[in-house]
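Please find the structures below.
In what comes next, chain A is part of two complexes: it sits with chain B in the first one and with chain C in the second one.
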Partner chain A sequence: MHSQKLGWLLLSPTIVILGLFGIFPFIYVLWVSFHSWNPFAANPGMVFNWAENYRRLVFDPQFLASLGITLTFVFFAVVSELVLGYILAQALLKDFPGKAVFRTIHTLPLIMAPIIVGSVWKLMTTPSIGIIPYLLRSWFGYDLNIGQSAVAAFTVTVIMDIWHWTPLVTLSLIAALVSLPSDPFEQAQIDGAGKSQIFWHITLPLIRPALLATVFIRLMDALRTVDEVLMLTGGGPGSSTRYIGVHIFREVFPKTNYGYGSAISVIVLYLTIVVCWLLYVGLIAPRVKRG
Partner chain B sequence: MKTRFPWLPVLLWTLISFVTLFPIYWLFVISVKQPFDLFSTPDVILRSFFWKNYQDVLTNPTLRGYMLNSLIISSGNALLVTTLGFLACYALTRFDLAGKESIFFWTITNRMAPPAVFLLPLFLLLTQVYRIGDFSLADSKLGMILVYCSFNLPFAIWTLRPTVEGIPKELDEAAYMDGASPWTVLYDIIFPLARPGLAVTLILTWVFAWNEYLLAATLTNFHARTLTTGLSEYVTTTGTAWGIMAAISMLTLVPALIVFSVVQRHIVAGLTFGAVKG
Partner chain C sequence: MNYALKASALALTLGLATTASPAWADFWSDAGAKFKGVTLHGVTESTPPSNYIRNVLAPEFEKKTGIKVDIETTSWDQMYDKAIKDMEAKTGIYDMVYIEQDIIYSYLARNFLVDITKTLKEQPDLKAPTYDDANFTSFADYFKDSSGDLFGVPMEAFLKAYLYRKDLFDDPKIKEAFKKETGKDLKPATTHAEYTEIADFFTKYGKDNGMELWGTTAQAHTGHPASWYEFFESIAPTFGVYNWGIDAKNNYAATVEHGGAMNGDKAKAALKYWLHLRDIAPPESTQSTWTETATTFAAGRVAQGLIYGENAAWIASDPAQSKVVGQVGFALPPLEPGVLDDAKAGKGYIGYYDGGAFGVPVTSKNKEASLLFLEFIGQNEVQPDWAIAAPRITNKATFDDPKVKEMDVKLGGFYTMLKDDGKLFAGAPPYPFHAQVREATAPIFYDILTGNIGPDEGLDQMAGKAEEELTSLGYRK
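Then we have the complex of A and B:
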């Protein structure tokens, strides 16, 4: 094909910008993670402490607990968003009166800032003034208290995430579904394939690249959620919604434990990369080789 | 294509819309409540309007400045990121570059970083390292446009790649046969066909930049301060001005809604294109 020089030229701005604003800060964080450092203390010197931060991390029950609930949160939220998002994308491809209006409405949560989403859900669910606890109490006699019940707080954060991010899945699946060729579907119908057969053997393989890109984006964003949950529950009650992003925030800001916070970030980033890379190699790379 | 029961999807979507709209409706309710009504028994139906919060926000020159900053930063970032992402995707799908799959994967790792701990390194880099003479990227709109690339550029590349890959290679190969230059192919063949994908990428990256809070709150203090950081100024030690916060929140939705409805036409064009092709 044509000159490789041009290819590298097209890629170079991306590589330079991501290097300056991604790799450089990362190297700095990596360096800090081997130090004990409180930049806001009276004596803000960095003290090199070998891998003490990493040793501490392995035995820190709070970190391990936080990792566990983060994975639970991500699992429930992302799976629901995928299933709902796919159903809604299919529904929006059909023709019916008012489709454009409904699609706009469905996209609205997406354009809200996480910090605002967190505030609104907090206002709606705070026991004394919130509308949701009020309605649940007067209709079903159920007392929703996200300030006291760990399960309730967890559930509300998951529902908030689903509310906020399902539209993203829907949008990117619509973009994928409209660009599908129609020949395989017509052929399958002629051959008398059922709906589920068409879904598993034709639709799914064809939208797989877009679907996986969406899963990746949702997975990694859910793993690093901060603003929304911090605003809604502050990580509580206890540490029931202290997801990893919130945990790092608490470790770095109120405690100003910069070295330890950096070590957690490095490990979390590393784990995220490994998980995503395994998914990538297992699911996308085979397709690339075949193609 | 006609559905047999058009009222069924309409009914279902009306129900879904209620769920979707409720938090936004509630935000509006709070923004037009009298401050002392806020803590009384909640009521789903709005009985009176109190517009002073909006008046306060709209007549506040500082907040208007923040809004302009937000507009410049998010538009600049979305355009930059979509353009670079498009070029990168073209390189990644049409050229046989050594290690291109690794580069593709590497780009997304930039979005995986937990944000809290990267605030300080970015702050130090912007204030002390990235400067030429008197010109510094710290607290500048250009600085924020570039910083937002760290999470938006990988997003653009990953959402655009399936689109660019889905455009048949035969199309550009035929154009090369006719003696077209790569730039002509990129502009006259790939670009028009990639428009639905580009439109989706453009709105989403615009919205992510418009909504970003943590980085803006840490890296800016006046010249590039954005509307979302303006929100946090109403959370004070003496209590939160929920009414004002809600009013600002409602106002942040307006430009996002306008951008969305402008670009949505292109997604619809993409939808018709899909139908025509079949």
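Then we have the complex of A and C:
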């Protein structure tokens, strides 16, 4: 009983912080999402409008388009980061000259603020002064202009995200790989298993929990990407990189459409939970049950 | 005896000097005494005039009054976001906010701002002897309500002017080539047809001669509001489409069908003219905002362009940032027939008179001290050096200062244009729904820029969307 009380006492600061900065804002956003509220409308007050904002979402082509390109962006970015992160983690487990320097340089993007990343990439991709268009033109005769080509803009945002976040995946997987027991690998080698068999049947199942935790983190981050893309393309050209986070930003801040923007935010949160839950149910839960 | 006389004379002189000359300085120390220890917090966009306030005027004010001023300079988006949220939530974080000319009507509609005229009338002890509303240029009218009361002290004001490269326009070889190609003399354009002809010529000239030179700038970012503004504030008015083509007196009609002009023939012609310019402008134009067009011009990559005046000083006079120092000419934007007459008659305008002011939110916890600071930055005394550091003039007396006149020569007559022709330009229309209509129509505009929608069809959609948004906001019945 005493230890239970002490436990609650120790937890209380966390609960208070969580309540203030997590639960209360969420309830507030949920409440706002059931209202029509634009401070610069002829009637600037909040008007309860039932689920009108949610009904509107289903028929809003701009929201649906944003959602579609966001999911495409998330798929390409997260899958590439996992593959690249795993390869780099394996490489960094081995010794090679300059390993420490490489590891430091590789980790640097992680400490950069997203707005800075967006600014740097904008500078690097501006046609007249950017190093990337210059090199692409010199080497391949290709004129990169992310202000003109939707495909180029989308690709650059994916590459920027990979550059920024792959180190996180690498670090997580290094931690997972170094903690693996050596017995199963030695046994597999004795049994004559190939590298591919060892990867699919031993390494991957053993690092699955760490891998999925990383996927969850990246998935949640990628779904709410705003600042980097806003700085790089502004959501353009046209609406080709108007990812859902950028869409919400535009609705809520310049347009001050608080009610509708809140409804989109709630739906995006719901979708994030659903996707993570599906991944959990599909990949982790069956194993826990079998175990 | 002689010594005593000298000492008396000196004492008399010193006495007179201390009582006469710094009389206005005493006001600041007296007025500031009761606010000692107060720190004022302001938020503004990071521009040269704002940086001057933060770096020069705020420390000077603190020295004179003891009131500390903390000015936060940030991006345009962030500035709005922070100021609006603070005033909406009534948190009172900011004592002063930058009011851009296009947001003032939204703020007034929400009663966000302190009425400066009224407050100073009611509290004469706050009124500085060196401050007078009447000293401001006509630009201050944009910060007044219908009764003529001032709600913001103007701190930056500039025209979006037509800049051209004098070195290229005066080059005998180029003049001859232009004459040969067009049969005309090369001189700054006064019509759209002339501007297009010159732009086409220089783009071709640059290409033929292997030069990094194009005929025009284009603020044509495909995902940033800057392109929307270039069209509606700088291009459309020169074709006779004013106030974004929305008729406030006609139930905020935007479509031609309902009496608006957003998708009228003039607007469609204006858009096609501008899209052609975009196509022959430097490749970075599709990513250019208000700053990047200036950078492009300063890098010597274009022969002419419409450039925000806030960049005029460094383009024309700072060799560390500009390759065209001493070579910049200023002119009025090219126009369609009848537009200049409209502007002179007060029925229209020929371009954008941009700028902003500092206002005090009603939610500020230090309104009186903030008003003192606003008066301080609004005095004639601080204006000349400010106008030198950043090309802005908001007080009439500034034009006659010798230092400013000297700068005007360096700037190729930009200040003279501001003084003589400022009245032909106009700020944003007095709409309280500024950002809302822009954001509602901008995605369609960006699709026009990428070619996903044709200009005619796109403008039809935009006009319809503007009316839909205005109906949803409750302005259009």
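Convention: the second predicted complex is superposed on the first by the 266 of 291 C-alpha atoms of A that agree within 3 Å, B and C clash if a C-alpha of one lies under 4 Å from a C-alpha of the other, contacts with A are read in each partner's own complex, and residues count from 1 in each chain.
To be clear about the criterion, a contact is a pair of C-beta atoms (placed from the backbone, for glycine too) under 8 Å apart; a residue touches a chain by one contact, two chains touch by 3 or more.
This structure is a prediction, so every number in the text was calculated from the model and none was measured.
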Chain B versus chain C as contact partner of A:39, first or second or both or neither: both
Which superposed partner A:253 touches (first chain B, second chain C, both, neither): both
Chain B versus chain C as contact partner of A:235, first or second or both or neither: second
Touch count on chain A, higher of chain B and chain C: B
Touching partner for A:128 - first (chain B), second (chain C), both, neither: both
Which of chain B and chain C A:199 touches, first, second, both or neither: neither
Partner chain(s) touched by A:48 [first = chain B, second = chain C, both, neither]: neither
Which of chain B and chain C A:142 touches, first, second, both or neither: neither
First (chain B), second (chain C), both or neither touched by A:262: first
Residues of chain A contacting chain B in one complex and chain C in the other: 39, 128-129, 253
Complex contacts: residues of chain C adjacent to chain A: 77, 80-81, 84, 88, 106, 109-110, 212, 220-225, 282-287, 292, 296, 299, 301, 432-433, 435-436, 438-440, 443, 446-447, 449-450, 452, 472-475
Residues on chain A engaged by chain B in the complex (per definition of touch): 1-2, 4, 6-8, 10-11, 13-15, 17-18, 20-26, 28-29, 32, 39, 88, 91, 93-98, 100, 102-117, 119-121, 123-124, 128-131, 134-135, 163, 168, 171-172, 174-182, 209-210, 213, 216-217, 220-221, 223-224, 226-227, 244-245, 248-249, 252-253, 258, 261-262, 264-265, 268-269, 272-273, 276-277, 280, 285, 288
Chain A contact footprint on chain B (complex, rising order): 1-3, 6, 9-10, 12-13, 16-17, 19-21, 23-24, 26-27, 30, 38-39, 41-42, 44, 84-85, 87-88, 90-92, 94-97, 101, 103, 105-118, 120-122, 124-125, 130, 146-147, 149-150, 153-155, 157-159, 161-163, 165-166, 176, 182, 196-197, 200, 204, 207, 210-214, 228, 231-232, 242, 245-246, 249, 252-253, 256-257, 260-261, 264, 267-268, 270-271, 273-275, 277-278
Residues of chain A defined as touching chain C within the complex: 38-44, 62, 122, 126-129, 143, 145-148, 150, 233-242, 250-251, 253-257
